[in-house]
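Both of the next two complexes hold subunit A, though its partner changes from subunit B to subunit C.
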Partner chain A sequence: MAKVVAEKLATKHKEVSVAEFFERNRHLLGFDNKRKALLTVVKEAVDNAIDACEEAKTMPEVKVDIIEMSEDRFRVIVEDNGPGIVKKQIPNIFAKLLYGSKFHTMKQSRGQQGIGISAAVLYSQLTTGRPAKIVSKISKTHEAHYYELHIDTRTNKPEIVKEEAIKWKKDRGTKIELDIEASYQKGDQSVDSYIRSTAIVNPHVTIVYTNPKAEQFVMARVADNLPREAKAIKPHPYGVELGILLKMVRNSDSRSAQSFLTNEFSRVGPGTAKEILFKSGIKPATKPRDLALPHVEAMMKAIKDTKIIAPPTDCIVPIGRELLERGLKKEVNAEFYSSVSRSPQVYRGIPFVVEAGIAYGGEQPADKSAKLLRFANRVPLLFQQSSGASFKSVVQTNWRSYGMNQSGGSLPQGPITIVVHLASVWPPFTSEAKEALAHYPEIIKEMKLALQEAGRQVGIYVNKQKRAKQEQERVNIFENYIPEVAASLSRITGKNKEGIVKNMRTMLKKSKEFIEANKKTLKGETDE
Partner chain B sequence: MAKVVAEKLATKHKEVSVAEFFERNRHLLGFDNKRKALLTVVKEAVDNAIDACEEAKTMPEVKVDIIEMSEDRFRVIVEDNGPGIVKKQIPNIFAKLLYGSKFHTMKQSRGQQGIGISAAVLYSQLTTGRPAKIVSKISKTHEAHYYELHIDTRTNKPEIVKEEAIKWKKDRGTKIELDIEASYQKGDQSVDSYIRSTAIVNPHVTIVYTNPKAEQFVMARVADNLPREAKAIKPHPYGVELGILLKMVRNSDSRSAQSFLTNEFSRVGPGTAKEILFKSGIKPATKPRDLALPHVEAMMKAIKDTKIIAPPTDCIVPIGRELLERGLKKEVNAEFYSSVSRSPQVYRGIPFVVEAGIAYGGEQPADKSAKLLRFANRVPLLFQQSSGASFKSVVQTNWRSYGMNQSGGSLPQGPITIVVHLASVWPPFTSEAKEALAHYPEIIKEMKLALQEAGRQVGIYVNKQKRAKQEQERVNIFENYIPEVAASLSRITGKNKEGIVKNMRTMLKKSKEFIEANKKTLKGETDE
Partner chain C sequence: MSNKTSRAIKDLGDELVKKIEKKKQPQIIVPVRALSNVIYNKKTKALELGNKKSERQFFNVAHAKKFLQTLEIAAISKELMQETKHASLRDVFYMAKRTIPNTNTNVVDEQSESDKAIEDLELITGGSREQLHVNANKNGSVAGKVTIVDKGDTIQWDKMGSGGWSIPSNVEEIKFKKIQAKYVLYMEKAAVWERLHEDKFWEKHKCIIMSSQGQTTRGIRRLLQRLSTEHKLPIYVLADFDPYGVYIYSVIKYGSINLAHMSGKMSIPSVRFLGITADDIIKYDLKKHFIKLKDIDIARLKQIGNYEWFKDNKPWQRQFKMMKQFGAKAEIQALSSRGISFISEKYLPEKIKKNEVID
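Let's turn to the complex of A and B:
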């Protein structure tokens, strides 16, 4: 019998490995063009390095070297003093996409999905054919391991080109070296700018960076302690979707529906669990695996109808008002700084904190648009500015009331730099390249409140400064008229003109001193 | 010995399945919100249905039903008369992400990556917990197979809830039924609008669509033949990247470098292969697997230095000028239509064709922005309009010279609908949701040329129409003055006034006829 069409077509169907998929769609991961590729490679390596150090409670010291090998070809070397990686994990971590420790853990970290660094390795292999070179050492008494790795894109598995134990002077840490096709430029979206911005929101990190022009920048830490450690949390019932709840029920080891709820969710105590089960018509002793779809649907509905307190927020670690300001001072030479760290909020069951900072005046141009620095989990976001939530919240804030110019739908104009930081267990990015935050109303609302709070302080400063300027002008006018006024007074009172001039100058001096003192108080109020 | 930090951390590392990844990041696949989710589900199912029919050389008849089950919950049923799917492939095709026939084939199709329909199944499961229900039959003599499927997201493998052989009245075809959380609205980005737009660029397709308001729309085909079949091509040397070339060399079955080049690339004959190998310093008889990285680098360089003719273009199937216009006429009630189908071009070694159409006047509002309909491989793009290449090319075209108003950086204003279609083996989308085309200069350039060509025809019509209107006005003025002019002439010549009036009216009548005839010619030129 002749084959029917479907039988002929069936032979063509096959699996696509995730590595092949991203190899072809590399622009989805931030490898659209040569310039961005350089930044993306550095960013993924540095983010991983800092995450690793923090997990090991080590003050991060990261060394970044970019060497120009030939036209369009660069070598990127990133080295950290983190915990190192055990031998058998090295190939998977660097040469397998979707492999990592952070996807299944609910706590704030820079990395999330286990794609970033292996995507950088994939890009390197695609554009130069060179293997990634890794060195890692986990303690003084262990040997260092050296690997040369490729990714077998048909299977998304590591291909080990070379492995050996070597001597490494470091006690512990990891080093990665990648050759890539790239181009280097200075400016807003450059590696230089990424490194500087990273230093602002990571005051506890030291970065030593050598760019392709062989210029070395040392960003020394300005904080002496690590940020508080982020604690992993369980999901909050309000954030769970029906399909996920169903999966949790099926895979649960708990003995009863009651213990399922109290064990696997945050903020569900015995009382809350009972209430949910009562409302869903499920007996507390029911075994989770005996719950069918209608039960789980009822449970879902009951959760929505039950008051449950907000999730704990020790899974997120904001930078803090003071450190944010200190970081901003290190970067921007301004005359006035203000910063705000809001209290935690929740969207889709996920806790988050918004922080904002403003640097006003100084050497910043008054006739240009404000500079906006966006961050998520302490990582600078350099692309897709206008499509993200941070931009939207700045644009929707009324900057005129704080003394800035602003036309509809634009950033304010004036000598200011604005920082917006979102810290969260799961920042909602608009793409795998993690370039912008999605427009969640809860997040935009918090960002606007933070900007208003920081903006008001700037507004007060700007207005006081205006008043002081006006007073100064009045004093200057008075000074110019002293000889004339003194002459008139001398004629009227018959007193000596020189004496009157002298008295008036004394009065003026006191008045000036008062204005100066006032100015200092004004600054002192906010410098602390 | 106590464990070092790295050893403790090592236990946390694990694989993330691609299904888990997209389950959490469902917004990347077009499931950002309930409204868009409905469209995305319909779109993936309809795109697959039409692709399948075309592959089996069957005139596509697609039935789409959307039923409102309760608030926020809808049932989507899409049925086609395609080739059907063999039993053992059904679970993988619908319940495994990154599985398909199109990723590894270089020819134009709607689907590409093997994600779309299984992503719809994933979304259904996540929001309603219901399995996908599939019926498929491959011929009159075969049984139909019925499946209920889930995706095991931890492994990205199908989980078969139910399977049985059933009777189905159809000779062959496939039907999918999904319950999803969604919301239904009319308007620009609605399912209704997607279905209408699909009919415009697929004049050979019949769609019978019943929306949740139980309104049925029948879009009957206006073309009697299937589009020419797209032929799969081999990659063109100019589009290959170093890493890919390396992979091809390693996996090659060819016996020599010479036959490797002629077998695995398009447009490389023995002469071209010899030239490339001579320039790279590789002996033609060298076995591909003996080629090391430096050889492949040399080959890469030699390819760039060798003149190779453009790739064949039978891998793409444009709609064609005439059918595009017929489709546009079906949808937009205008007074003038123009359309253009450009000749094939190449970007990154990938062939593409740009087509454009314009409908002018009629019932379209003159004081609003032009309506832009964007398509890629005959699929309407409804989201992210302003971030795509089509929008950019329209905005960068000077519409004033074609009689439209336009301010900088905006769509033109006037009573027009503009269609832009890109047909390509691999349209460069900006995200997995395939909502907008990336800004490739080669593509934008072609789009602008197509728009200019179609725009000029509209410009000629608009100007002729203006002149005709002026002439008409002159005629009208003349008519009003006939009695007065006749009286004066009668006084001067002494002839009878009524006679003069009669003569003048006859003259006028001829003149009017001339103008009318002129108008018709004007239309006729373009109606054909």
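Let's turn to the complex of A and C:
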């Protein structure tokens, strides 16, 4: 008897293993190629390390070592002084994909989906077959736990290769060691550059980094305190889309539409809830589960027509103007720094803060494009620069008025490093790999305002420099011309050349003093 | 004469040194040489320099280099006088050109800069370029039944072979011994001169033919003026039908804007323009050899039409109007389309006979 087509097809359906999932989606997870893989592994481990320390209110000290084992095999070791991980959690955190605490809250954090570190473990396992080696200790009095872990690629469950209690001289903290197939390069999208960028926007973190060339960089902290802890918030009505609202309605435990709105959203009090429901023609006592699609649609529309206070912004922790500048100063060798931290704004009901910093001059090349460092929640974004909102806002800013060269549609040219940082409970990335920020007009507008503010300060400095240079050139012209003029005059009149030179130099000195005096008053004016 | 010029240069230097000793801004005062400071004298029919002066100060970034250039040229000129040697404009340029120590600037970068400094020096000292012991490059030929004496040599302009006599930049010392010519024909193009010389035009028509390539040099202008004033020969100009050709005529007749201070010695109010005119183009059917006017030609045409000495000149305004209507210019050589010797056998004799000229 011939099988029905559907039955035939059914035999082909089988569970997709995490390994297969990974293989298919490695580009989304940041493992497109060997070079990027190294960076992604370091990045995930370092993000986790800093987040863990901050949660435990410890000033983070992160040690990163990359050792070249063979041409395309590297060992990555990342160690922190964080709170450590309780024994039974260790396998799940490192060897189970999509296991995490961050996905479910509206709170500013480095990682988001909890896919990071376990993906790195899986990548290590798939490319070298070696288990991830973890050491973690939660206090001086506890013993350290050592694990060697694999991920069971069929079931997405941790497979413990080895586990033992060991002695670790550290009081507490976590260390992860992964062997991966990778390649190391210097340059803009390198691990070196990522670590340095991280140090700029995390001035409270000390990083000790040893690269595969055995060069060690110690990036000491310049901030004395941890950033304020980010608070979790409920969603704001302006930020929800129909699908999410529908889901929220279905899953709600609230007993009425009225309490649904007041309980599950931020900034919605009884009055506002009543207004929304009145506008959408829903009785306040209606059970959320009884709301059908048309009702939810009406509610959506009513939300848009109702004035609701912007979401609380204490859930965002910006770096701060001063600290950002300090961070830049310690990692970029320049002559002049300026930084800006804007006040919180909202896109789609999600609060965010934009910060910008500029380092000008020094050893930076004047004939190349500006270096743009993009960050989201203190994490460097290294890829897909030109497709992100940060790039767009830099390009749309007129740098010529700040003394830089710029041709249409491109980065300014000059000896500058530009930092653009977005802090938000939910930074809108264009993809899962978290490489670029989406083009929300509200965000681009804020970025441009921040860049203009920082740019203006640089412009003032650059123009002052230019003026000083011109003054110097003026003096130089006269100084160099004097002997020539004196020689000609001597030939015409027969008078002694040196005498003429001397007299002319005296005149120039007076004019130099005049310039110098004016420079001081000039400086006094602009400094105020 | 040279003594006076030499003293003027020394006076300039002494005055500057005195100022420097007193710690006062050293400055050189030079009359402005631009259209804004050029006056057309209707009586003498020549351009004159007005009274506008400009100050050239050393302690002024915009002036310092020109200040230096002027003094450098003054020193060179003074030394030439002392050594009783003459240098060409090009020589002077190279004598002045050197890099100022500690900079990447040259005292002069182009000959135009030293040329301008020499012109300024003429104004400052009141002496001519030749009195400063600077000569222009020789640039021009002449032929005709004329005998002259130049530095003791007797020269016959009708016995100089195919190249003719080349006109020196200083013609002051030349003595005319014998002139058998009824008029002088000056032309813009050396090639046309060669054509007429080969056809022995000057012999057949008892005239002098003269040319230089492009803008007329001072030596030629002075020579033309002497032939006009000392020997009363009528002078005709043959130039292209374009704004540039008109300006060549204008310079010979009225003087140039740049050298308005020299126009007393150079301008020849009796000069007439023979061709090419708009009427010639129609009469001799030269339209097919038109060259389209460029934007720059049109702008120049407008500018020339507005010069005071052309503004109320109806025949010329008519020519300008027609040139604009044609939207085109034509070269003298366009006449060759009617036959290689058309110009010498037909065009010129007819034009001169009928006196078809523009004043």
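As a convention for this text, the second predicted complex is superposed on the first by the 464 of 528 C-alpha atoms of A that agree within 3 Å, B and C clash if a C-alpha of one lies under 4 Å from a C-alpha of the other, contacts with A are read in each partner's own complex, and residues count from 1 in each chain.
Simple rule for what comes next: a contact is a pair of C-beta atoms (placed from the backbone, for glycine too) under 8 Å apart; a residue touches a chain by one contact, two chains touch by 3 or more.
What you see is a predicted model, and the numbers here were worked out from it, not measured in a lab.
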Next item on the list: Have a look at where A:491 lands relative to subunit B and subunit C in the superposition and call it first, second, both or neither.
Entry: second
Note to self: Under the stated touch criterion, which partner chain does A:18 make contact with: subunit B (first), subunit C (second), both, or neither?
What the structure shows: first
Next item on the list: Go through the superposed model and pick first if A:241 touches only subunit B, second if only subunit C, both, or neither.
Entry: first
Next item on the list: Please work out whether A:506 is in contact with subunit B alone, subunit C alone, both, or neither, and reply first, second, both or neither.
Entry: second
Next item on the list: Considering only touches as defined above, state whether A:481 meets subunit B (first), subunit C (second), both or neither.
Entry: second
Check: After lining up the shared chain so the two structures overlap, which partner does A:216 touch, if you call subunit B first and subunit C second: first, second, both or neither?
Finding: neither
Next item on the list: Would you check which partner chain A:398 touches, where first means subunit B only, second means subunit C only, and both and neither mean what they say?
Entry: neither
Next item on the list: Counting touched residues of subunit A, say whether subunit B or subunit C comes out ahead.
Entry: B
Next item on the list: Could you tell me which stretches of subunit A are touched by subunit B in one complex and by subunit C in the other?
Entry: none
Margin query: With touch defined as at the start, can you tell me which subunit C residues reach subunit A in the complex?
Written below: 9-10, 12-14, 16-17, 20-21, 23, 26, 58-59, 61, 64-65, 67-68, 71-72, 74-75, 78-79, 100-103, 107
Check: Hey, which residues of subunit A end up touching subunit C in the complex?
Finding: 474, 476-481, 483-485, 487-489, 491-493, 495, 500, 503-504, 506-508, 510-511
Check: subunit A touches which residues of subunit B in the complex?
Finding: 4-7, 9-10, 12-18, 20-21, 23-25, 27-28, 32, 55-56, 83-86, 88-89, 92-93, 96, 98-101, 103-105, 113-114, 125-130, 138-139, 142, 153, 172, 241-244, 246-247, 293, 296-297, 387, 426, 428, 430-432, 438
